[in-house]
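Which chain is which? They are A, B, C and D, in the order written, and residues in each are numbered from 1.
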Amino acid sequence: MTAPSDARLRDIFVDMLIARTQAGRLWNLQRQGQVGTVAPIDGHEATIVGAAHALDPEHDWVVPQYREPLGLRRYGPEILERFMLYNLGHPAGGHIPEPIRVLPNQIALATQIPHAVGIAWGMTLRDEPGVALAFFGDGSSSEGDFYEAGNLAGVLGAPVIMLCVNNQWAISTPVHLQTAADSFAAKAAAFGIPGVLVDGNDASAVYDAVDEARSRALAGRGPTLIEATLYRLGAHTTADDPTRYVPAEDLEAARRDDPLLRLRGYLEDRGLWDDGAQEATEVEALELLDRALDRARAEPLAPGSLLDHCYATDTPRLARQRADLTGGSER
Amino acid sequence: MTAPSDARLRDIFVDMLIARTQAGRLWNLQRQGQVGTVAPIDGHEATIVGAAHALDPEHDWVVPQYREPLGLRRYGPEILERFMLYNLGHPAGGHIPEPIRVLPNQIALATQIPHAVGIAWGMTLRDEPGVALAFFGDGSSSEGDFYEAGNLAGVLGAPVIMLCVNNQWAISTPVHLQTAADSFAAKAAAFGIPGVLVDGNDASAVYDAVDEARSRALAGRGPTLIEATLYRLGAHTTADDPTRYVPAEDLEAARRDDPLLRLRGYLEDRGLWDDGAQEATEVEALELLDRALDRARAEPLAPGSLLDHCYATDTPRLARQRADLTGGSER
Amino acid sequence: MSGTASDGPGGTSDLTMVQAINETLHAEMERDERVVLLGQDVARNGGVFRATEGLVEKFGDRRVVDMPISEAVIAGATVGLAIAGLVPVAEIQFLGFSYQAMHQLAGQVARLRYRTRSRFEPAITIRAPFGGGVRTPELHSDSLEGQFANIPGLKIAMPATADDAKGLLAASIREPDPVLFLEPLRGYRGIRGPVPDGEHVVPLGVARAARRGHDVVVIAWSYQVELACRAADTLRGEGLSVGVLDLRTLVPLDVEAITEAVCHCGRAVVVQESPETSGFASEIVATIVDECFWSLEAPVVRVSGYDVPYPVGRLEDLYVPDEARIIAAIRRVLDSA
Amino acid sequence: MSGTASDGPGGTSDLTMVQAINETLHAEMERDERVVLLGQDVARNGGVFRATEGLVEKFGDRRVVDMPISEAVIAGATVGLAIAGLVPVAEIQFLGFSYQAMHQLAGQVARLRYRTRSRFEPAITIRAPFGGGVRTPELHSDSLEGQFANIPGLKIAMPATADDAKGLLAASIREPDPVLFLEPLRGYRGIRGPVPDGEHVVPLGVARAARRGHDVVVIAWSYQVELACRAADTLRGEGLSVGVLDLRTLVPLDVEAITEAVCHCGRAVVVQESPETSGFASEIVATIVDECFWSLEAPVVRVSGYDVPYPVGRLEDLYVPDEARIIAAIRRVLDSA
C-alpha cells in the first residue's frame, strides 16, 4: 500500500474539480433543454476519481454504473466525448474506443458486477495482469446480481474490486430501508472476502483502499469489497425532486463535508493550490465540455444506425426491415 | 429457549425413523420402476424433523425445498399422502389441504425463500402470531433469491427463519465450490440478522436453534438464519450416481455420524427406546407408506385436470382448448 | 390529486392516465384493507411518476412500502403475501426490469394457483410502466407483452385510455388471478379524458371498438390505440372507414371481438411497439387465420418496432410505430388485391 | 465417448444426440483454446446428462468450471469473459431456469454488441436442455423459445438430429453473436443417427427439408421434427405427400425456405411444444401470411401445448403434441375447402 503522493493528490483534485464543474454546467444545460437527463456526480468525486487514479489504465478495467463518467478522465478524454454522445441519445455513446478499458454506462442496476467478475476471471485465464473494478450504488447492492457476483468472485478468487458507492440514497430510498446490515462492507462476509469501509469524501483514503485491493488481487489473493460512504449532494437525476424526501439538515451537514473543500484545503495548506489554479481549471473544464458537446452535436447519424450492430451481419429479416426503414422496399 | 424434553425427543426420533424407513422403501420402489424420481432424505432427518417439531403447526408455516416431505409428519398425515401423489405425477400432489401450513415442494431453487418472507411479513400485517420457516440447501444459497429475501427480511424484521440445510453437496458440487464464506451462517452478516451454526445431525440442537429463532421472531425481534451442517448420506436423487464424485472415505465418516444412530443411542441409554420399538416403528412406517401409495395410485385423474386451476375460471381460449382436449370440438 | 375537474357524483372527471391510476389505488385501498402496495420509491416519493402519490400519507407505511431494489423479491414477496391472505399490488419501476423478476413472475406468481390446485389464491397485481416516446435510458421503454403472453397463468391488461386505466386497474386488483397491468409512459400525462367518478370496473377480456369502420380494422393495445385512432381519423377525411379495436387485455383475449371486426372488414392491420419477431401481433395474425381465414380479402399486416433492442433517444422516433407507418400499412392492406 | 460406431475419417459415426454434443464440445475446445465451459455440475460430474463428460479430465478445471448455483451469474460472467477475449460456452442446467438469468440474457448478453456498437464481440453460446416426454419435475421441460425469439440480439438454434446437434453447435460456438442452443431432453438418447466425423459445421439460418411433399408442409423444430416425420411417413402409406421443414434455427429464420415450401403446397401445419398463445408458431403463421398469403389454400393450423404451465408427469402425454395430434391437424388442413 502506497499513500498517494501530493502530486497525485493534486492530479486527483484537478479531475474532481473538472467533474464538478462540468456537472454543474450540464445541470444548467439540461434545465435549458439542451442536453438529456443527467445524474449529477456532486459528492461522489473523491470516490470515483480517487479509485480511478489507483488503477492502471493500461491493464485495469473500469465497469461503471451511470454516475461515474465525468470522474473517469484518467482513462482518457474519449470518456467525456462518448459521455456527451450518450447524453444526447446518440448510439455511438456506447462505443468507448479501443484500447480504453472502460465499459459504457450500465442502466440495469447491478448487472455490471457479474460482468466485472467475468472480465477479472477472464484475465486470469489468459494470464494477463490486471484487475476489474465495478462501481455500484448502495441501492444496487440489494439486487441478486451483486451477491451472486460477489459469491462467485470469492470462490474463483478473481482479481475484482467491488466498490459500493454508498451515497445514502437510492432515488428516494434511504439506506436503512435498503438493508439492515451494519454496513455494505459487512456484506463481504457472505463472500468470504475482505470488506473495507472507507470515507468516500477522502480521496486519499479511497485511493489507498483501492490501491491495496488492487495489490491483493494482483498477488492472487482475490477480490475485495469496498464501501465508500459519502452523501449525494445533488438530485438523483434531473428528473428527480429530492426536496420531497431528503432532510434539509442532513444535506446541509453533508455539504460541510464536501470532498472538494476538503482536498482543496489540504492542497492549499501545502501551497499546491490557489485561486488562480482553481479558476484556470474551471475554465478548462467548461472548455473541454463545450468542445465535447459541440463534437457530439455534430456527430452524424444515419437512420440505418437504428439497425446496425444488432448482429455481426444482418439476419435476412433484419435486412428486410432495413429496406423498409430506409425506403428501399415497397413494404 | 427450551431444550426439547425427552418425550419430545422420542417423538422426533419416531418421525426420523419413519422418514428414513420410508425413504429406503421409496428408493427400492423407484429402482423397480414403481414410483417416480426420489430425493432421499437420508442424513437430513435430525434437521428436518427437529425443526418441524420446534414449530407450532397451527400458526407456523413450513416452506420446503424438495427433500423435506417425509420429515414433516408433524404437520399431519396429509403431507405423506400428497407427497405420494406428487411422486406419482398426479397434480393433486401440489394441493396440501387446508388448514395445513405447508407449501408444496419447490423445484426452482431458492425461489421459496422470498415466499416465506412474504408469508411472515403478511402475518405481521394481519397481526397474526406465527413464523414462516424456509428450508433450502447449501447450493440454493448461491441464488440471488436467497440474498434478496434475507436482505428484505432484515429490513422488515419479518418473523422468518431461514434454515440452510448444508449437506455438503449440490448434486456433484461441493460446498467449497459453492462459496468461500466461512459458513453459510456467516452470510447473515449481509442481512444484519443473527446467523446460527448448528450441528444438523443433532436433533436436539436443531430443535433448540429453531425454537430460539422462533421466540425471537414472535417477540418482534426479526429473522434468523440457521445453518444446519450434516452430510447427504444418499444420492442427490435416484437419477444421480454419487460414486462419480463423493469421496468414499468422506461418506464412510459421515455414516458413523448418522443422526439416527446418535439419537437412538441417547434414547436407549434412557430406556426410552429398544429393538421392539424400532421394529414396530419400521413396520408402521412401511404400512403408512404403502397405504398412502395405494391411495395415491387409486386417485382418479380426468384429462380435463390438465387445464384446471390455471385460472380461477377458464379464459375463452382455454375453454376452446378444453373442448379440443376432451373431444368436445371439431378442432 | 389536484387539477382535475369533476362534474360530481355519478358524473365524470377529466383526468390524465396517471391521475386515474392514482385515484384507483386510493379507492381500492379504501375499499379493501387487504390491499397492500409495494415497490421502489412508491411511498415517500409517491412513485417516480407520482402514480402512488398521497397513499403512504393516507394508508401508512405498513400498507405502502418502499422496497429494497430487488424486483425478484418484490415479485416473490407477493406470493407469500397472497398466501397470507393479503392482496398485494406491486410496482416494478420499469417493465424492462421485470427481467430481474422473471423467475418469480413466470415460475412462481403465474403458477401458484396451478401448482397448488387453487389451495392459494394469487390475487396479485403487478403494475409496470413501459413503452417509448419519452427518451428514457435503456430498458425503460421495452415492450415485453409478447413474452409475458406466452406465460400461462398471468393475465395482461394494457389500457389505452384514462377511463380504462381506472376500470381495468380496479378489475385487476379484484381479480383472483395475477394480472400484469402495463401503463404506457407516454400516456401517463399524454393521455387524458373523462373518467367515471366512483365505482368503475371494466371487466378483463372485453375489447373496445375505439373507432367503428368497415373498410379495414386496426387492432392495437395501449398507446398504439391512440396512434391508430389518429390514423383512422386522418383517413376518414379521405373517405376511408377505418375501425380501431382496442384489445384492452391480451390475456384473456377477446377472440370474439377480433373475429367479428375482421370478418366484417375482411382486412386488418395489427400495431405493436415490440420487435416484430415473436411479438404479440404475430399471435393476433395467427388468431385471425384460425378464426376468419375465409373472410380475409388481403394479408393481415403487422406494424412493429424493428428486431433490435429499444434504441437510444435520437433513434427512438424511427423505431416506434407512428401515425404515418400505420397509415402506410392501412393503404397497403387496402391496395392489396 | 464409447459405444459409437465410426466408419473412419471422412465417414460418419452413429451417435445419440448427447454423444454428438459431447464430441463437438471436445473438438471445439481442442480447436480454439479460448473456449471455456461453465455451468452447474459440468466438470467432475460431466453434466447431469453427460453432455460434458470427459472434458474436465482433458482440458482441466480452468477451462471446464463447476459454477455456484446461480444462472444469472453464469450468464453474466459470460459477458465479462467475452470482453476479456474468451469464447464462453455456458450451460443452464434446464431451460426453465434461464428465467433466473433473464435480465442477463435478454438485457446484457443479447445487447452487448448493440450497446457498444461492436466494440465487444459477444461470442457466447448458452446451451440448455428443455422439452417434454421424460417426466421431469416442474420447470425442467418448458419450451420458452417463443419468448427468447422476441429478444433481439440472440440467435436460437434448435437441432432435431444428431448430425445437426454437431453441426449447429460447432457453428454456434464459432458465431460472433450470442446463440441460445437448445437441446431436446427426449432427444439426448432418443435421437441417434449418422454424424459426420471430423469438421462439420451447419450454418445458422438454413432450414432443412426433413421430408419432401407437395400436399401439405409441416413446419417444426427440435424434437417435433421427429414427430412430424413419423406423421408424414404414416400418411405416406395413405398416399398423402407430406413435407416436413425443420427450421433448425428460429433466429435467423429461413423465411425463404418457409415461403418456398408453403407456396409449393398451399397448405401448412406448424408444430410446437410451447403453449399456444404467443408461441413461436404464431410467428411462423404471421410470416406465412406476410410471404405467401395468396398461395394459401387453407388456413395454417398450429399444433401446440395448451395454455397452462408444463404439467406433472401423469398429464404430460396429454399436453405434448404427438403424432396423432399432428396427423389430425394435417387432415384438417387438407379437408379445409
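Note that in this section contacts are C-beta pairs under 8 Å (C-beta built on N, C-alpha and C of every residue); 3 or more make two chains touch, one makes a residue touch a chain.
Small disclaimer: the values here were computed from a predicted structure and weren't measured.
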When A-D is set beside B-D, which has more C-beta pairs in contact? A-D
Would you kindly say which chain has the C-alpha centre located farthest from the C-alpha centre of chain D? A
Based only on mean CA positions, could you tell me how far chain A sits from chain B in angstrom? 44
Taking each chain's centre as the mean of its CA atoms, how far is chain B from chain C in angstrom? 39
CA centre of chain B versus CA centre of chain D: separation in Å? 35
Can you list every residue of chain B that touches 2 or more other chains, as numbers and ranges? 91, 94, 108, 142-145, 148, 151, 155, 177-179, 310, 315, 317
Quick check: what residues of chain C touch more than one other chain, meaning two or more? 67-68, 70, 72-73, 96-97, 99-100, 103, 107, 114-115, 138-139, 152-153, 251, 253, 277, 306-309
For the chain D and chain C complex, residues of the former touching the latter: 96-97, 99-100, 102-103, 106-107, 110-111, 114-115, 138-139, 144, 146-147, 149-153, 251, 253, 274-275, 277-283, 285-286, 289-290, 293-294, 296, 298-302, 306-309
Which stretch or stretches of chain B touch chain C in the complex? 61, 91-92, 94-98, 103-104, 108, 111, 113-123, 125-126, 128, 132, 144-145, 148-149, 151-152, 155, 308-312, 315-317, 320
Can you list the residues on chain C that touch chain A in the complex? 40-41, 44-46, 48, 66-70, 72-73, 96-97, 99-100, 135, 137-140, 276-277, 306-309, 311-316, 318-319, 332
Flag every residue of chain B that touches chain D in the complex, lowest number first. 36-37, 66, 86, 88-91, 93-94, 105, 107-110, 139-140, 142-144, 170-173, 177-179, 239-240, 244-245, 301, 303, 305-307, 310, 315, 317-318, 321, 325, 331
So, in the complex, the side of chain B touching chain A is made of residues 142-148, 151, 154-155, 157, 176-182, 186-187, 189-193, 222
